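Should a chain be cited, it is by its letter among A, B and C, assigned in written order, with residues numbered from 1 in that chain.
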Amino acid sequence: MKFTAFQIAELIGATVEGNPDAEIRTFCRIEEGIPGALSFLANPKYTQYIYQTEASAVIVSEDFVPEEKLTTTLIRTKNPYAAIAQLMAIYEEMVKPKKIGISEKAYIAPTAQIGKDVYIAEFVSVGEGAVIGDYAQLYPHTVIGDRGVVGEKSTLYAGVKVYRDCKIGKECIIHAGAVIGADGFGFAPQDGHYLKVPQIGNVIIEDNVEIGANTCIDRATIGSTIIHSHVKLDNLIQVAHNVELGESTACAAQVGISGSTKIGKKGIIAGQVGIAGHLHIGDNVIIGAQSGVMTNIEDKQIVLGSPAIPVSEEKKLIIYRKKLPDLYKQVRELWKKYQQDE
Amino acid sequence: MKFTAFQIAELIGATVEGNPDAEIRTFCRIEEGIPGALSFLANPKYTQYIYQTEASAVIVSEDFVPEEKLTTTLIRTKNPYAAIAQLMAIYEEMVKPKKIGISEKAYIAPTAQIGKDVYIAEFVSVGEGAVIGDYAQLYPHTVIGDRGVVGEKSTLYAGVKVYRDCKIGKECIIHAGAVIGADGFGFAPQDGHYLKVPQIGNVIIEDNVEIGANTCIDRATIGSTIIHSHVKLDNLIQVAHNVELGESTACAAQVGISGSTKIGKKGIIAGQVGIAGHLHIGDNVIIGAQSGVMTNIEDKQIVLGSPAIPVSEEKKLIIYRKKLPDLYKQVRELWKKYQQDE
Amino acid sequence: MKFTAFQIAELIGATVEGNPDAEIRTFCRIEEGIPGALSFLANPKYTQYIYQTEASAVIVSEDFVPEEKLTTTLIRTKNPYAAIAQLMAIYEEMVKPKKIGISEKAYIAPTAQIGKDVYIAEFVSVGEGAVIGDYAQLYPHTVIGDRGVVGEKSTLYAGVKVYRDCKIGKECIIHAGAVIGADGFGFAPQDGHYLKVPQIGNVIIEDNVEIGANTCIDRATIGSTIIHSHVKLDNLIQVAHNVELGESTACAAQVGISGSTKIGKKGIIAGQVGIAGHLHIGDNVIIGAQSGVMTNIEDKQIVLGSPAIPVSEEKKLIIYRKKLPDLYKQVRELWKKYQQDE
């Protein structure tokens, strides 16, 4: 790859400020600053690095106002993070061609239907009645259970396991080791032991969903656990039976969502959050890291803490808690006075 | 499947209230309410749905007293959740026949012993001296290490890994990606680095245990990590070396139990709980979600919080913490008065 | 195996106190106390057991002073835990010979380079241009992506997945189900949805690293996620893109480290800790269990809590919080008095 800053600006509809002929051969992080590389500035925490970076060009926001002299060339655009994403996607297609072909070392059940131009790697197992869409990519060791469905252009990385009757939509990406459709955790206490409640439902994953490595999404007891389109799940997340995740909601790593909870659209759930079962979480809700959600949450709320409460309230309580030593001291003094007065 | 409400009541020793000839062809959740479907009411949170449900029959508790007129047929039994579990198990056996046969694409070491009527799928690997019991079900990609044992009628789903010398009892279910017998986390600090402490013990899982997807149970340093019979573990749980989990204890997802901790019988450990090492937790203990247990716990205690304390105490502290702004205000006023008085 | 206490002391440069001819055939935990077994005392919590143990010999610290009469033989050394580690390693080599040979049921891409005396088990998949070092051990179902590198004498247990272009150093141990190099969680909001930010970097794992079962280490967006030498990671840990973990840092199970955070050398991070993104954690830092780290941490700090603060401060706050009911009572009384005075 070899572009000029001007060519790159053209590609993403941006404007150049500095040397339009600056040569770009690769990408770098702004704090690395490699000559010949294109970088970007999206997180204000990293602004300091732009003044000494050796990167040949940096994609910045249209309204970025430098506070010092710059030596690098600026490429100004509305959304720098989206712009670099676009350019990296172009780069990735150039250096990492899509895999194609069906390995002789794969196992495909006789009744499975396989689309065109798929990649089915060695040691993939596709069950009876399963359907693999056109251009789907099944990396080594993926397991698709009986009647499982993988939509067009979806990629399942090494060792993804899809249990029987579960459905993956189009253009999804599922990372290594994720488990889709294991039994929900349902047991009925009986005579001092637990009687297993069979989990006869399934999992439905809609289009454009990304699921992280070793994340688990359990099948429904009855009906479906549903992951709506454009949901993004990080690694090691637990989604229990009969959960529903609304469109474009994102969950960071190690989140746990208990059974039958419904979460709205465009939510942001930070790392290690736990959400109790049978709750309704509205649209556009933000849940801070490590929170424990025990109650329903209305649309557009931002909550934090365990148990989670509105973030402004929780932040005050964190400060008040830190001042407890002073409070105790004051009360001790007041008490002493009070006792003297008696 | 096609039954009448009466036939279903007969199967589970229940009584019908309403139309005994109501036709049942499937199951539904009560809030879905599908005509021709059987539903159940076990969680009082869902009682509201019974009055308008279109389900043809609903299994309810013997002492359920409707507060409005019902259109659906009631099937009354002592334990509705256990009853629906029983019926779903019958249904599941009808629609999902047990798999049988040994795939030519499996690898079975010459010295392994394989029981009768087993299912050993493609790409299963069974090590030297391993023993697979009668009717065991090994789904694709299960790996049984050398001298590993899988008991009769146990099911291991796709990609379960059992390390060498670990033993799984009878009628166990282990979900995809679970790892049984990886090395415990043992290192001796030496000369500024860590020296690995070999983990020469194993894992013993007794009968009727269920283990969730991607859950990890480490082998003992010396001796055995023991999961007693009827234990139920959800997904993504960490059980460290030399832990012992008592009979019929249940752990929700993402729980972590540190090394050498012993947990009694019939415990309930909610999601994302962490338990420190070398502790004794009694029988019938309940630990609330996200708790951090740092001390031993007596039988029958219910604890909550991090660090975990008796639940009634923790619930009070949560309320007191929320009232801190008022408390500070009061103390500020008292202080002002106090200073004026000086 | 059959040794005398004297022979064992010789092996590890220790001194015998008691019967030098005491016969040792196996190991046991001190609370088990098996005749003919060697035990050790490293954790003071277990000191009580030494007085009644039936173990034939016990490795203890040079400065251990018994408070009662002992029947067992003592083997005194500076670092008992390191000594037992050394002996168990000798034992393990005797009972568990290294595996060797390449299975015909493995898949090795034509352009992969395979070192000498490796073990490549059945159903292993090695991608194009991958390099497997001498004496490496790839257990069943390991997947090495294109151009992946596994250093000399490293062991990858069943089902480890290494994505393309990721590099594992020498003498590493990676446990079953670990995923090295899945895409970092990077999305740019655009038009109400998320645009994927391609993750074009890789993961570099240096020498002598151990990684637990089902742990996930994401590839960098640009550049490398780096795990420096002698790092020890337990099970089910999340290491996000562009994280850097310093030499000899140890993380207990279920820790989550967010993107671009740099952690220094010789840190100890306890179980279920969460660390926010873009932070700098110094050298020799200790982070208590379940902490939530939201800010940079200087060298040698010990922190606890969520949000994490210096441990001494947090411990005080925990105590103050527990005393809140008393504080409220006092303030109520003061307030009553105050109102009477008005």
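FYI, a residue touches a chain if its C-beta (ideal position, glycine included) is under 8 Å from a C-beta of that chain, and two chains touch if they have at least 3 such contacts.
Treat the numbers as computed from the prediction; the structure is a model and nothing was measured.
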Angle, in degrees to the nearest 5, of the Cα rotation that carries subunit B onto subunit C: 120
Copies subunit B and subunit A - interface residue numbers shared by over half, same or different: different
Centroid spacing, where centroids are CA-atom means, of subunit A and subunit B in whole angstrom: 26
Contacts with two or more other chains, residues of subunit A listed in rising order: 123, 141, 159, 177, 214, 236, 254, 272, 306, 321, 327, 331, 334
Parts of subunit C lying in touch with subunit B, wherever the complex brings them together: 27-29, 32, 42-43, 45, 79, 81-82, 84-86, 88-89, 91-92, 95-96, 103, 105, 121-123, 139-141, 157-159, 173, 175-177, 208, 210, 212-214, 230, 232, 234-236, 248, 250, 252-254, 266, 271-272, 289-290, 306, 318, 321-322, 324-325, 327-328, 331, 334-335, 338, 341
In the complex, subunit C residues that touch subunit A: 107, 123, 125, 141, 143, 145, 159, 161, 163-164, 177, 179, 182-183, 185-190, 192-198, 200, 214, 216, 218, 221-223, 236, 238, 240, 242, 254, 256, 258, 272, 274, 276, 278, 292, 306-307, 309, 313, 316-317, 320-321, 323, 327, 330-331, 333-334, 337
